[in-house]
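Shared between the two complexes below is subunit A, which has subunit B as its partner in the first and subunit C in the second.
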Partner chain A sequence: MRAEPASGGLYHRVVVYLLFLILLLPLAGTLLYSLATSWSESLLPSGLTFKWYVALWSEPRFLAAFGQSLLVCVGALMLSVVLILPLLFVVHYHFPRLDALMNILILLPFAVPPVVSSVGLLHLYGSGPMAMVGTPWILIGCYFTIALPFMYRAITNNLQAINLRDLMDAAQLLGASTWQAAFLVVLPNLRKGLMVALLLSFSFLFGEFVFANLLVGTRYETLQVYLNNMRNSSGHFNSALVISYFAFVLALTWVANRLNKDKP
Partner chain B sequence: MNESKRGRLLALLCLVPFVLFFVIFQIAPLLWVALNSVQSESGWGLDNFSRIFASKFYLQALQRSLEISFWSSLFGIVVAVMGAYSLHQVDSRLRDFVSAFANMTSNFSGVPLAFAFIILLGFNGALTLLLQQVGLLGDFSIYSKTGLILVYTYFQIPLGVLLLYPAFDALREDWRESAALLGASPWQYWRHIGLPVLTPALLGTFVILLANALGAYATVYALTTGNFNVLTIRIAALVAGDITLDPNLASALAMVLVGLMTLVTVVHQGLLRRSYHAR
Partner chain C sequence: MSFVSVRKLQKRYGASQIFHDIDCEIERGEFVTLLGPSGCGKSTLLRCIAGLTSVDSGHILLDGQDLVPLSPQKRGIGMVFQSYALFPNMTVRQNVAFGLRMQKVKAELRQTQVEEALRMVELHDFAERYPHQLSGGQCQRVALARSLVTRPRLLLLDEPLSALDARIRKHLREQIREIQRALGLTTIFVTHDQEEALTMSDRIFLMNQGRIVQSGDAETLYTAPVDLFAAGFIGNYNLLDPDSASRLLQRPVAGRLAIRPEAITLRLDGELDGQVLSHSLLGNVIRYRVTIRDVELIVDVLNRSPSDLHPAGQRVSLAIDTLALREVA
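== the complex of A and B ==
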């Protein structure tokens, strides 16, 4: 840790508060709008109400979209864990040289934006033996590729921190098989780091729109697609929707931050 | 020996599911796009690309993509540099709170962000009406290029802060003290020590922001219902629009975007290797 600057300096405090204000402004405005009975041509809304939230949370289509988003994201993360954990273990324990190759491969999801992948996905899986377009399955697969770079890096850092090789050798010296050592010794040590990576991945998958809109759309409406389709409804209703979404993501990232800080 | 050979084979088998999914959802679509970009009605060739570069419409999309990306990255990084540096200089309570908040707002992008801006600054937005009354707004519109640059800048700032914050760790406090003791002015300190140390990180962050803006689709789509001419909107319209579908042309446009993104990624990797804080 660095030493605490004595006074901090007025200038730096002002800059930090300004930064906070800039980031806060659109959110605060939306929050106020979602609580307003009506708000036009005056500095502040004319009255406050919860009716937009009541309307939103009793709207079946919203609840369905929320649930479907949850399902797709949880499904994608489960798939990612099942695919990425063995990969990391094998790469770092058996073939450390593959790590360099993996570091190039995980750049692909960055270099190929979802809108580009969608062009190929729409045609490859639009019909034929692997027709998946319009179903949640294709989203689960695509979201795995989005989560991959982040999860790979995050868990790699964790593996390095726990000295995978020493841990495995020690476990095997005590008579554990490779499987036992991996599941009973390494995995529990990764639990917290894995939780943090999952929560953060969840928060950005939950906000994914491009794949959801282009590949599936209203056939399995996720929250983001629903939000976009509601563009013509009341601004107050939409604000309540935006704030509800953000509050949910906020809670997730907050938990992840807390977990991260407690990490020994 | 035999035992370990079997172990390694088993280990390789564990990789099969990953490879399978990665190929299906990442490699195959990209290959499809690459192959179809060089295919048109007249057979194999670069027809699609020459059509793009001969068309004012597509060149406009490319130009606007680059313009919006460049300016939003520039404004974003300027705010982020000032913010990240000041974050290092304030007490840890304020620092932790604001950096956690920046962390969270980095998820506030795409459709929800566009909606927040429409609600506040759209045609009937609360701020629009207010600013119009005071006469401050002029002919500013959130649906114009300037408006898009503003919204993009907003989502670049938290990302910039997150990426740049660790870079300032490389600037050691005693360097500044030594420089000051040796008679350097603050300006000289930044000119000869601070900036050179930070340059790779600054450029690296800048290209990440560029890539982030170039590939962005959700924000501009939600803000303008797909009516603003940028690269990502054109690509999507050619495969999922309701007027003209042309997957080959879409593939070629997509390859132009991938080319730009690859350039950015390669530059970034190069800079990463040269940066101080990553060592």
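== the complex of A and C ==
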């Protein structure tokens, strides 16, 4: 935290810590509940145990859902990297005017509510030559559109900061082909924006429920759908699930931030 | 035949003609400057020579070889950009080595050539730094080393000093010129700064609105501007219409007249028919605004002693060196 004058500093710190406390309260409650043997009639849980976690992490259905969520998210993100990076490069290097059009296009996934667009998707991909409803493929495709705005914006900001044209020109005059220039000079400098975009999209997609539930449901159960289906089972068990999920995303974010640190 | 020869080069973007029938010849080892206001087409011309921008028609011959059909990679031309364009993900050493890497030069040879290039720009102690850890002047020297290490046939400098502060700019200017002389490297330098152009160049091409208006060495350009634009762009010429000129010289003058401000002397004897309007101290030079016979003139006087400083309102007489008068079209 930055050094502040003592008088205003205290007030600001109190506000910030209070806000943190309020935000952390439900999480702390969930954590405690997931560790409690039972907690119904007393103010504090009657005992602490890891049995809910042990039960969760030895439950094959949970592990399958976890893996499937991971697979769908990673698949969607890989697809977006493969498609969006070249797209961005072409837009910014060759057709800068298309940027305005792209900015409108990438808003579309936000403009249409997920419930509405999933009805459309069910209709379109429910039958016929492109019948994909109920398979992970439709989720990968659908998640791609959700990731698009995050990826596009973050990488665009990064691209605008690096003076793409001069870097490409310089590399080419030094003898690099367009491909070499793109891979050796431009791509390494997009690492930051790309990591931010991937992280943001991943945490968002990992927690996505509406599309997963409506388009695929139990036929290819993702983590959030599994959580929903388990809503009538033990609350301790579900709390352990939520905390595990949260810890996973937190750990991932931390690792990604460490990897993304500036070189000395 | 000259080393570089540009013939009837044309370039337009849509309806706007960037330049038109550009012809110029540059000798081997020459340092030439394209000088002109922004938007005159000088940078586009440079980019066309580098191959970064396509031309509509015409030829660019380098050592007898037509460059127009060649890709930028195959032209053997080095270029330094105003924005430095260093690769932020690479150290100084890696930046300089990039061109050699692309040419698949052996690692040991690469090492010595990079070392040599860095020594030339006095940055060998900074080899392991990243560009964001360097000052602007250092960045531009790295960029220079990077473009020199591949031994280009022609070096292009696109306003390389414009982003730097005045002191660094002067120093780097001399360093560039020294290196260029030492290597005997044919160089084209683009700038809008007349001082840079006049001090550095063997020859200057003055450009305006897509045409080369005048070419010649610094002395010719400074003392003998061919037209109104050249006289207005270089130096601080007093430009007089025929009426004022006739009144000033008390003889009929047919055309427009250009008088250099340092070719006029202020005196305190004789017929005191002039009056100082104001003065500003430029350091070694005092610049007066003087009115005489209803004509306003700028007069530069060397700041030799405090007695050279005349207050506003002072009556003076003017002596004009007739050799310095130039009629311009």
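One rule holds for everything that comes next: the second predicted complex is superposed on the first by the 243 of 264 C-alpha atoms of A that agree within 3 Å, B and C clash if a C-alpha of one lies under 4 Å from a C-alpha of the other, contacts with A are read in each partner's own complex, and residues count from 1 in each chain.
Everything below uses one rule, namely that a residue touches a chain if its C-beta (ideal position, glycine included) is under 8 Å from a C-beta of that chain, and two chains touch if they have at least 3 such contacts.
Here the structure is a predicted model, which is why all the values come from computation and not from measurement.
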item: Superposed partners subunit B and subunit C on subunit A - clash or fit; value: fit
item: Which of subunit B and subunit C A:V249 touches, first, second, both or neither; value: first
item: Contacts of A:W57 with subunit B and subunit C, given as first, second, both or neither; value: neither
item: A:V115 touches, of subunit B and subunit C: first, second, both or neither?; value: first
item: Subunit B versus subunit C as contact partner of A:A171, first or second or both or neither; value: second
item: Touched partner set for A:V90, first subunit B, second subunit C, both or neither; value: first
item: Subunit B or subunit C, by number of subunit A residues touched; value: B
item: Partner chain in contact with A:P188 - subunit B first, subunit C second, else both or neither; value: second
item: After fitting on chain A: smallest Cα gap, subunit B-subunit C, Å; value: 6
item: Footprint of subunit C on subunit A - complex, ascending; value: 162-163, 166-167, 169-177, 180, 184-185, 188-189, 191, 263
item: Sites on subunit C touched by subunit A in the complex; value: 50-52, 71-73, 75, 77-79, 81, 83, 85-89, 98-99, 102-103, 130, 143, 146-147, 150
item: Touching residues (chain side subunit B, partner subunit A) in the complex; value: 7-8, 11-12, 14-15, 17-18, 21-22, 24-33, 36, 79, 82-83, 85-92, 94-95, 98, 100-105, 107-113, 115-120, 124, 126-127, 129-130, 133, 154, 157-158, 161, 173, 211, 214-215, 217-218, 221-222, 225, 232, 235-236, 239-240, 247, 250-251, 254, 257-258, 261-262, 264-265, 269
item: Residues of subunit A that touch subunit B when the two form their complex; value: 2-5, 8-9, 11-13, 15-16, 19-20, 22-24, 26-27, 29-30, 33, 39-43, 79, 82-84, 86-87, 89-90, 93-95, 105, 107-124, 130, 141-142, 144-145, 148, 178, 203-204, 207, 209-210, 213-214, 224, 227-228, 231, 235, 238-239, 241-242, 245-246, 249-250, 253-254, 257
